[in-house]
Amino acid sequence: MARLGENQYGKAEIRVMKVDRDRPEHVLHDLTVGVALAGDMAAVHLVGDNSAVLPTDTQKNTVHAFAREHGVGEVEDFAELLARHFVDTQQAVHRATVSIDEHPWERLADHSFARTGRETRTTTVTYDGDRTRVRSGLRDLVLLSSTGSEFQGFATDRYTTLPETDDRILCTSVEARWRCAEPPADWRTSYDGVRAALVTAFADTYSRSLQQTLYAMGTRVVETCPGVEEVRLRLPNRHHILVDLGPFGLANPGEVFHVDDRPYGLIEGTVLADGALPDDWADDWASGGVW
Amino acid sequence: MARLGENQYGKAEIRVMKVDRDRPEHVLHDLTVGVALAGDMAAVHLVGDNSAVLPTDTQKNTVHAFAREHGVGEVEDFAELLARHFVDTQQAVHRATVSIDEHPWERLADHSFARTGRETRTTTVTYDGDRTRVRSGLRDLVLLSSTGSEFQGFATDRYTTLPETDDRILCTSVEARWRCAEPPADWRTSYDGVRAALVTAFADTYSRSLQQTLYAMGTRVVETCPGVEEVRLRLPNRHHILVDLGPFGLANPGEVFHVDDRPYGLIEGTVLADGALPDDWADDWASGGVW
Amino acid sequence: MARLGENQYGKAEIRVMKVDRDRPEHVLHDLTVGVALAGDMAAVHLVGDNSAVLPTDTQKNTVHAFAREHGVGEVEDFAELLARHFVDTQQAVHRATVSIDEHPWERLADHSFARTGRETRTTTVTYDGDRTRVRSGLRDLVLLSSTGSEFQGFATDRYTTLPETDDRILCTSVEARWRCAEPPADWRTSYDGVRAALVTAFADTYSRSLQQTLYAMGTRVVETCPGVEEVRLRLPNRHHILVDLGPFGLANPGEVFHVDDRPYGLIEGTVLADGALPDDWADDWASGGVW
Amino acid sequence: MARLGENQYGKAEIRVMKVDRDRPEHVLHDLTVGVALAGDMAAVHLVGDNSAVLPTDTQKNTVHAFAREHGVGEVEDFAELLARHFVDTQQAVHRATVSIDEHPWERLADHSFARTGRETRTTTVTYDGDRTRVRSGLRDLVLLSSTGSEFQGFATDRYTTLPETDDRILCTSVEARWRCAEPPADWRTSYDGVRAALVTAFADTYSRSLQQTLYAMGTRVVETCPGVEEVRLRLPNRHHILVDLGPFGLANPGEVFHVDDRPYGLIEGTVLADGALPDDWADDWASGGVW
């Protein structure tokens, strides 16, 4: 005999563009929205009774309609509005998670824009009828230092071949997620502050390892960004391998590198403000990012 | 002040091909391997002291060398061998997670092969010096039913526009992960059984919703596959939208569909054998798949 | 002053699934269709007069409607039907190119299917009101030989470091495009024959270079496939690099390979039947594949 | 009997990072380089005689070594230097095509950079021992106008359902390739000028169709950029579909759009300076972009 365990369902990757047109300078909100709902869903799984199922198509419609009715504004606010709606209006839904990616554009003129292709701003908001959990974040922020990075003194064993280096390229694509003790006065200002802290700490830290750089970046965030009490970082180490030009009679003093795709290092870590409780990991399924 | 929270590091996407050449019929093991280690890593984060850090380059070398020394065999066994090695030989490493994707080929001749492009077999093994957790799985198994699927009687609200349907295409790309109470006698036989159960249940279930199909697939697995006590399924609903040909004076009785990329439904659920304890969700960070 | 040169426009990547339901065993036609039209389009470019422009949305509708009215059948036939329609019914359109990818599925039961993920069958048909040009093809057919491949005796210069090898893995992802002197009796039979010739020639050719293998594959096609008078092949060389396990005290007699993503070799060549004229390269813009 | 037709071979996607370190402010040249060679290659195809084959591995080494020996500078110059080298030093090589993508970074500090993710600058240079052909270009420049675009007065037929619109979003990802009558004094200045012309023309053109916008962009380039005598443009029409919010009692005056992935329109065209000869299309195989 079998029984149903944890489950959720929803609409993923709703691609919506909202244009604010009330001023001569239009404003774009270019979003990818995901919704995940959980609750009293035994009947649909066990006997195909759909009466508790709000279709994923309706979830998509709701995102569209809310963009028009309420505007988008800051993604954290828009995600919370949606999450609350699903829980508050559907008796069977006990928990809603709304995740939003915001894609950046730069203005060319009043109605003209170019996509910047810089990092994507992200948020994940979960509401369970009682508490609201908000995570802000970013991904695909690619940073590189062409010097000021070494890697020495590491553990060795039978399988070690890597030479020590006192000067290498350090390159990573930052994925970050953070939580604030209280919602900040303005999410955009808070976002800009965290982004600046991450970038600045990367740029001005002499790196003995990517782990050290990660910790420096996280520390900069929790120590300088008001209200941020935890930041998680996932930093792939995009290896730039110094090419041996010796066979061609050439020295290569940190000038020519092969950029490798795979494999890559992957450094993950969490930095907390002193006194902050660790996050409630068991809720991760709820936050939509867990498998 | 800041402090370090959860962290791990390792090498991701090590692409290794192992050829067994001891018989006239060569055998391929085409793998993508990921390693993640955790333990006493405070010093590297806080002060850049790398003495506890086994470089990710060494991890890659170890995968290569182990493929030669021990062969690959079943991916669950190979992953466990690697996970134990890192914990048993590195004092600072308290937990190792090894994830492997195995890419399928079909034989053309003794030494010639074609990639099948069918589903990828997966495993994730975690060892913490005490317990070993093994998960087997698959992904990118794309299944479709051209009839025998309806979606009716669902909840409606102000934002509902979806019409009910008593005949639609149901299409999904199965991602599954399961655990066995005990390691089976042969991982390959176990894998083939789970795959067959998933496919057969999908094909012979009349579907009132994808949730119901998910539960039928999961139930089939735990009820017919010896030793499997839990299976998690993630089923994107790849929408095939019946095209309205009315404007052209044509009926369209389930024949012509637009295949949509985004958005898509995403149905996730767990099915457990009666008596099986739910999995220990808090360990998910350890299993490498959690963000 | 400026003037308009070559131009064309159309709809790309129309994803359509046609289900034949007239027998208990349903049949799938899973297509990605592209349309490109050219003709008297000066007015739209120069002054925005759209009167000669058949919207790309209408092109998409036509694909949908034709799938229902005429069925899909063989992709070469369906593409030609569409190409002729646009030229024959739109005075301003002097040339239409229709390209189709067909994605393969295997039957599980009468109405159930699994995507095989093997190669994609392709076609490109151009009609200019007078002539019809048909090209058949395939791509993403990944083949590998685990032995029976060497690479020696090559040219060397100051920048040579590659050692010669008498035993390596040879792996490629075949992209092929061929033309027949006359339309074959059955396009599917013709396709199966070409595919078999490519695979068989790859498998039974001892390879001194990928160029030699390419020529052997092309020769096999034009010599054994009735009516095929030219085949073009594009073969990336997916390098499998033998790992040096010497530092770990291990020999590696062709067993453990690193699979590299980039860079890769790219070998392109054409094989013609004796007496066949070379293709009319200048028409390539028309065939939609040219930039 | 079979015979060999057109052929070429080379190394694709060589990922190289060159750092200029001679000043405190480092400069990055982040390139993806492709090489394709053609010439007396009958023996390798027919009998596997590799004596005329300069291995693709050597080509890669040459790119690395040249980056060190000569620096990278402007990609057009670097590509030409490489193309000439292969033809001038290898007797069997009669034609070399070198294609380079340059990936943009922005400076954060002397040695720190962030990838901008904006458009990629491209070039393709072919040398045949006699003539040098240079093409400059860009791709992935994503532009959007939130108003100032209509689409009306188009041709209609039985399959028309698209309503006319006098206000829509116009969005495209620009791919452009141009040629200069003579090499400009400075390739970077020339590039910046063409990019600015493309962006400005897109932003200040009231659009009656994407074809008209394409022609306006091309005209701006050839009329304002010194020496540019031809520009080819490939403009996908990234459809933003106005969502019908009527069922929810909401008007939607150009505010909420569904961003569709596929299908998309694809508008391609060439604009020439008065008096410029059309390009020599038959050479396209040589330029590496032809299939």
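The first chain written gets the first letter, and so on, giving A, B, C and D; residue counts start at 1 in each chain.
One rule holds for everything that comes next: a contact is a pair of C-beta atoms (placed from the backbone, for glycine too) under 8 Å apart; a residue touches a chain by one contact, two chains touch by 3 or more.
Here the structure is a predicted model, which is why all the values come from computation and not from measurement.
Ranked by separation of Cα centres from chain D, the top chain is B. Judged by contacting C-beta pairs, the busier of the interfaces C-D and B-C is C-D. Per-chain Cα centroids separate chain B from chain C by 31 Å. Remark: chain C and chain D have CA centroids separated by 22 Å (rounded to whole angstrom). Counting only residues that touch two or more partner chains, chain A has 15, 61, 65, 159, 161, 247-248, 261-262.
Those residues of chain C lying in contact with chain D across their complex are 1-15, 34, 36, 41, 44-58, 60-62, 65, 89-90, 92, 151-157, 159-162, 175, 177, 207-212, 214-215, 218-219, 222-223, 230, 232, 234, 236-237, 262-274, 278, 281-282, 284-285, 289-291. Considering their complex, residues 15-21, 26, 28, 30, 61, 64-65, 67-69, 105, 108-109, 111-118, 140-148, 169, 199, 202-204, 240, 243, 245, 247-248, 250, 252-261 of chain C touch chain B. For chain A in complex with chain C, the touching residues are 158-159, 161, 247-248, 261-262.
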